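My structure is below; once you've seen it, I'll send some questions.
Naming follows writing order (A, B, C and D), and every chain is counted from residue 1.
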């Protein structure tokens, strides 16, 4: 298929050919039929989109008959820390392999807009791109991602990853991305602030305990922060922690169950008790507050370590972590917040796809690379086999000698499954809107949760569970 | 240089729904070197005719010839003519020199140096040499006028077309330019067609005048002819200032009776034989105020002009004007008798407006080409 | 009389106060932007805010240059905007000339269809346009950024309105001088429209200068980024480096401000002919 | 043709001073003349003049618009890798891929809009912002223009430039500046409030204030620009009209009411229509400053369209929204022109 090796070249051919097409139309050489039948004569690139699950039975041949031809160079996309860690593995990859991998770094929303346009229009997408777990199903649903299940099977790496992550990246019969990092949750806290005001970490098990301990803080110090722009993120990790899913098996909206109300009520209690501030996450003010100790704890995920180290170097040694509080004594204390994966767009041609997979496997499915990224940028591996690594037991100065990573690794293995879906953005929007209203305008938690559920049901044409 | 001949020229503006006939079946020939004035009220088709000659409008029917050559289908630039526009149409972004030289630069292959010489010569001729480097907006109206002329002259065209070129000047300057323009034309000897709505200007400037109305050519002839022997009431009314006095009259065996008890008995009523009604015209200068007469009018206003007085009077429901000696100054409200000689009477068909009788004093009839 | 004079004085005072207040309000954000650009990040989030410039401008600038070659982005933006403006002016005034000075079939409908696209949000055109550009292999090129917007509805509107004020006699005169129709346009009409052209230049420049989503999608290589695209790249998930962004915004204002200073007078007289002729 | 002007056809006439350069120019001129003679005047020239514009318009605007209209009747069901069209001539092979998998839904998308709460919310937000922002901005611009037009005012050039300079700020850049100025914790605005003893305002967290922040930002950037246009309009009003009004005993306000306003009407209309369209299309400011929040209080219609297209992949629905949006804005513009214009 010489005309397929270089997509740019191919596109030019299309243009040139169209002109000729008019001339020869009468000769009957133009077709609009399905490409499947004539794969042999070089004009069918059925393998180019093979396996992206469009239901016509060629799903399995994605890698099988594509041969093992590998492109000499590929391009990957990611944003800040993730992009930089990819650059790191790319460097290592290039040393070991005869290929070049370039990684473009973007702003987050910039990259999403750009990537989406390119996926939607079927051309111009990078060979490899990062995909946040939350977005997984939105992207999969557009059929713009390549099915990697054959590759994953051949490489036999499925079981090497934390089980809870696959759900976000796969459908019933295909897998579209390889997990990269995950976000096992924990509460980061300022040891020095807790000590100063006599808070006892060990006595915190439930949110009630948090409320109680929080009262010990003076008026100008907050126990934690509720970011107004990402209340949905807070809600999601807690919802997941309690083992819920936003939609039932038959697709009904389920974000208004008992647990959801409990979560809302807890959030409201914290806010009403005036021990939770409301600063926009990642803003300068927010960083400032954590730097000065104005906010004492930060429920977040493993990846936050890297950020704290980089942005608040002066606070090194003052930090500690504990598992996120349960909602009742003895309840589950593990969840996940964030995490991402690497995918290959369906539009990518075979040789690039093979090279792309090879690079993805190198970066994500090898202990060495995963640990490299973990060390350098704090991306917590989704690769479960790494957890035996002694690096996890290291007592970290940043955490005042606590072996914080072990705690994350422990949490990681207990993360409940969670089904993301195409409608995840709708859920996030609705929850965020209603919860913000709840906190600010003093609306009943039940009402807020119900309103969010109704919005989602309405906008996605689903039933309420 | 050459004469210009228009044959059955017709121009119809067709705007889809309705079509307007701007010029109808106009035939006219202009002699080589002649100064012809096209005159008529606004909307009479005189400008359209000029624009057809210029090649700025397509002709619907008929033909235009310059000398022996039919130029009907030629574009404006191929016709070797120059035009002076009412607003001068000077290119605002060019200096006077560039304005004047523009046409030569575009359509001739004269070297720049030569163009400059010609521009200088023209500027000298018009007395605007010191303005050559100015932009049009820095010039006065008269100066702009000269530049516009210069631009026409420098092309040495076979004809000048002028579209109300003096109408934007003040009265004094206009009179001056009138003479200057005439002299210039006489010296250059270039066929000139001059459009104006001002009959005074027409009378003063034209070798011949062509009067148009409603798209139709009424009459062509030397000014004097038009004045004395108009072919119809329209021409009679249009030419002359103040205009001719016109009134309706019934005819009864050679006696005309009109409004305000007007009666006048004609010695020779041959021209109106068979008419029951007729339009009577008398030029203001032919009316004399007398001590005692058959007809009497009531004075409205008297305008003293210095060398003469205009006396506006009411005769029944029509206003008539008399040009009288400065010594005649009746007061408003006076009833003054007046009279006029029969030679001075114009008579027109009341329905067609056609002239039945014009001034019949010593002047010889001139063939009227219609 | 005295009464009147006192009233005038009060009026004068009020006018000055009003104008001065407005000037201050307009300049404060810009001043603060420059101050912020010159502060180190730590001082940036101090409260009360610093009100006078610090000394870190060049440090911040260097950091910015290292992260994203911002000077290059400014260059790209200027280049794109200038080329776009020049070509678009030519096309818009040619078409505007035809709409103002010629009669042809469907003239009015065509004009109003073009004008109607004024209300179109260009964000939604991004996907089909990207599609076209990638089909013809133009992604990551400046021409892909420039070409689609050359047919600018505001441009044709303004030029049509203004060209209508050119006296027909001027064009006829040139026709008789032997000018071809195209010469009429570029030797007579266009030069006579100098101030309108200047006004349009500002409008077009501004339009291209503000394009954000479209170039973001079209441009791939960071070396080709325009200002907004580069700015968007500075805001990742991690901490936003506002000090650098402020340096970037301060620098980004310069080219347009210069253009504006130069063409302001013409802008005033040029935009008007269009609106008055309605 | 007789000649009454000097005609220099002597041999050696080109020895005139400076003729070397002018001869070079002439040669260029003659070449151009020959060229323009060779190029025939094809048909109606007007079409030649609009052709470049029109071709680009059709290609890059009309086509995508038609595509949008087409999409609005479909549901986007993902990227298609299928070929839509192919040509095979042995050595020449061409294929055009089908862009997307679409399912025809008829007017389904439009029906959905009717019951879409967020659409109405965004419509409301946009109208709310518009209804406050445009009058304030035009009012300010007009007042400033009148002030700057006052004969006694000095430093006019400085004031005019200073007030108009915000338009030079890049749209993303200035939005970021406002984001920081209105920051609740360390923003300059709250600092200013604090210095006069007022409580800090949670600009971006309250529905009320977030909208006002957007309004302030947009007004800041465009007031000067509009002022300049209005100033131009004012300067075009004949001074005699004011003198006549003065003789008639008109007060300052009456002069404004009976001379300035009617004379300025066309310019004012131009400014109002363009500002209305501009504010209707508001996108970058809320995108950067508030992200549409809090609780969707500042999400604008274009931002919502963008969100549907780029975040929820509902290309068909987003297209239908666009169609409705364009229809609404067009109608409003036409109404404005009808009300404001005499014809």
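Methods note: a contact is a pair of C-beta atoms (placed from the backbone, for glycine too) under 8 Å apart; a residue touches a chain by one contact, two chains touch by 3 or more.
Just so you know, these numbers come straight off a predicted model, no measurement behind them.
Looking at chain A and chain B, the chains in contact with each of them are C, D.
Of all chain pairs, the one joined by the greatest number of contacting C-beta pairs is C-D. Chain B and chain D have Cα centroids separated by 53 Å. Mean C-alpha position of chain B lies 54 Å from that of chain C.
With each centre defined as the average position of its C-alpha atoms, the distance from chain A to chain D rounds to 38 Å. The set of chain A residues touching two or more other chains comprises 14, 113, 117, 120-122, 283-285, 288.
Listed for chain D are residues 41, 99, 185-186, 315, each touching two or more other chains. Among all residues of chain C, those that touch two or more other chains are 44-45, 127, 131, 183, 213, 232, 242.
Applying the touch definition to every pair of chains gives A-C, A-D, B-C, B-D, C-D.
By the touch criterion given at the top, residues 3, 13-14, 16-18, 20-21, 24, 27, 29-32, 34-35, 41-43, 45, 48-49, 52, 54, 112-113, 116-117, 119-122, 138, 141-144, 228-229, 278-280, 283-285, 288, 346-347, 422, 425-426, 429, 432-434, 436-437, 440, 455, 458-459 of chain A touch chain D in their complex.
If you check the complex, the residues on chain D that touch chain A are 76-89, 92-97, 99-101, 115-118, 183-186, 204-206, 291, 293-296, 310-313, 315.
By the touch criterion given at the top, residues 8, 11-12, 14-15, 79-81, 104-110, 113-114, 117-118, 120-124, 282-285, 287-288, 307, 310-311 of chain A touch chain C in their complex.
Contact residues of chain B toward chain C in the complex are 51, 54-56, 75-77, 79, 81-83, 85-94, 102-103, 106-107, 151, 155, 163. Those residues of chain B that touch chain D in the shared complex are 1, 75, 80, 105-107, 109, 111-114, 117-118, 121-122, 154, 156, 158, 188.
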